[in-house]
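Chain lettering (A, B, C, D and E) follows the sequence in which the chains are written, and residue indices restart at 1 in each chain.
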Amino acid sequence: MSVLSIAGHVLLVSGGFILFTSGLGILRMPDVWNRLHAGTKATTLGSILFLAGIGCLQPVWIPKLFLIVLFIILTNPVSGHALARAVHMRPEEKPDNLLEDDLAETGYEGGKEQ
Amino acid sequence: MTETLMTAIVLTLGGMMVAAGIAVLFVRDLLSAIIITGFVSLSASVMFLLMDAPDVAITEASIGAVLATMIFLWGRGKIGDDG
Amino acid sequence: MIRTLAGLVIVLILGAVAAAVIPEMQMREELQGVGYSYASRGMDETGSSNLVTAVIVAYRGLDTLGEVVVLFCASTAVVLMLTLYPIGVKASEPSRIVAFTAKVLPAPIMLFGVYFIAHSHLSPGGGFPGGTVIASTFLLVMLGSSSVPDRNGRLPAIESLAGLSFGLLGFWGIMTAGQFLNNAFLGTGTPGSIISGGLIPLISIAIGAKVASEFSGVFKAFRNSGGEA
Amino acid sequence: MSNTFTSILFGLLGGGLLLAFIRLLKGQHGTDRAVALDTATLISTNLLVFIAFLEGRSMLIDVAMVYSVLSFLGVLAIARYLDGGLR
Amino acid sequence: MSTAFYWSIAGTAAGLILVGLWGVLTRKHVLRIALAFTVADTGANLLLVWSGYLPGRTAPVIDGSIPASEITSAVVDPLPQAMVLTSIVIGVAVAALFVVVGVLASRRTGSADVRRMKELRW
């Protein structure tokens, strides 16, 4: 086994493990804000590691894999941001120990849900 | 060996799809039903790729994920949950 | 409740019928009939590496033309009804990050769509998926702005031109080779290179433009119907 | 690529997908389900790439490319709807 | 070995069709019926693609990995895939028409309950 192959296997297993952890976090975390952490950050890291592992095992595919990674890096934080903003629309989800709420102070209010 | 794995993946996906199909009918909120329908379309796309139909998988992903979801969201915004 | 149970009984009866019928469809080992002839002759006759595109555009091109007409009727009905009976609620402003994304990302995504259309004879993809990908970029633009009605545009012109060019390309086949949508008269080229497949790339472009403009028209009608009230 | 390794990876990805799906069924509100859908689409993007890798044909990656882009659009549409920006 | 793989796909497709049909028969909200219709549509597409699937073969896109003399013994049936490709696009157009008609009808009757849309009966 070459160095590249070993690196690929390690990256694949770590990426798969992090993706599994994100699924576990989605299921087990207590409220929506915590689930957002698991659902957006962990999946981004896990996807990058997993696709890098595939790239180590199949070096010919690297351009397409790089495109996928680029799109995930560009798009996943945006969808996480939009989801967090949507969660902020629900006042009953506001945690008890909240010290500061900058978004509420800006006077932002989207449409209320019908 | 790979066949066994593929069978396991297909059984997992198929069970999830049928369970999601039943959940679409019985979930309270219409918005949740729309989201679950999007999940059915996306897993159908994985299933199409498993059946060696990449063209169909691309079409199902683009249409089921975006266009159908968007149309149903628009309709729910106009009607609401009542009735 | 009684409704649910009655429906369940009907569905269970149908399920029993399906369980009796579906195992009769034996698992095949070899291609047979039409599928065999498409697979064996498709690449030589049409010059397209992607056999699915060859079937859609060349062998079953007339059916695809009819299917595009059905799509045109459905989208026209949607747009017409929404124009006649506008129904609307106001929308909110997007956040700054979403607005910026809606400015930056449409161009690469549209490039994806163009890639799928232009490589329809080489790789998975084709006119229908490419067109929907392009239409979804308009959706992204719509998501990144508050809904302001916009009544003018050239979408109908693009739609009509695409449909017209589909028909004209078919009639070109009649004039030169005596067959509707015959695609071999342009020369099939070497399969696998970008200029190959005769008429297939051109017809894919027509289908892609038509699908993209139709779905964009539907989205635009959705957006415009939410302006007043 | 040994068989045990492949089955471990399939187990990790499929297990993550299954857990996210359980949250998709259980979630009390639409936002919970939207977050679960986001996670499920990203896990299945990786699953698509892995299936393409096992088949060994590079053109199957196109499916994963378009899937990653468009699932983002679907989740963004749902989030904007919950936000009130899409009426 | 591959028979389990093969028949489980058929079971999934049939299950989706039956579940969607059940929803169309029993639900009352217009959009819920449209959603059930979409689920049944997905199941029908799966069943069609499954009918052209041959186990152990590869996708019908020919590149360097398939020798040109062995095409007919290496690829799955391309015809059902082509049919399903157009069927999906038609399906979403029909769903859009369904939703718009439902929205307009519910505006007229003042509720989204299909039992009250008497104008659409014949």
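Here is the rule we go by: a contact is a pair of C-beta atoms (placed from the backbone, for glycine too) under 8 Å apart; a residue touches a chain by one contact, two chains touch by 3 or more.
Keep in mind the model is a prediction, meaning the values are calculated, not measured.
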Set of chains whose contacts include both chain B and chain A
C, D
C-D versus D-E: which has more C-beta pairs touching?
C-D
Argmin over chains of |mean CA - global mean CA| returns B
If we define chain centres by averaging CA atoms, which chain lands farthest from chain E? Would you check?
A
If you average the CA atoms of chain A and of chain E, how far apart do the two points sit, in angstrom?
31
Just how far, in Å, is the C-alpha centre of chain E from the one of chain C?
15
Between chain B and chain E, tell me the centre distance in angstrom, where each centre is the average of that chain's C-alpha atoms.
11
Would you give the residues of chain B that are in contact with at least 2 other chains, written as numbers and ranges?
34, 50, 53-55, 57-59, 62-63, 66-67, 70-71, 74, 77-78, 80
Overlap residues in chain A, where contacts from two or more other chains coincide
71, 75, 78, 82, 85, 110-111, 114
Quick one: which residues in chain D touch 2 or more of the other chains?
17-18, 29, 34, 59-60, 62-63, 65-66, 69-70, 73, 76-78, 80, 82-87
Note which residues of chain C are touching chain A in the complex, please.
89-93, 95, 97-98, 101, 105, 108
In the complex, chain C residues that touch chain D:
88-94, 98, 109, 112, 116, 123-125, 129, 133, 136, 139-140, 143, 146-147, 226
Under the stated contact criterion, what part of chain C meets chain B in this complex?
50, 52-53, 87, 89, 116, 124-126, 128-129, 132-133, 135-136, 139, 215, 218-219, 222
Once bound in the complex, which stretches of chain D touch chain A?
1, 5, 8-9, 12-13, 15-20, 22-23, 29, 31-32, 34-36, 38-39, 42-43, 45-46, 49-50, 53, 58, 61-62, 64-65, 68-69, 72, 75-76, 78-80, 82-85, 87
Residues of chain B touching chain E in the complex
3-4, 6-7, 10-11, 13-14, 17-18, 21-22, 24-25, 30, 33-34, 37, 40-41, 44, 47-48, 50-56, 59-60, 63-64, 67-68, 71-72, 74-76, 78-83
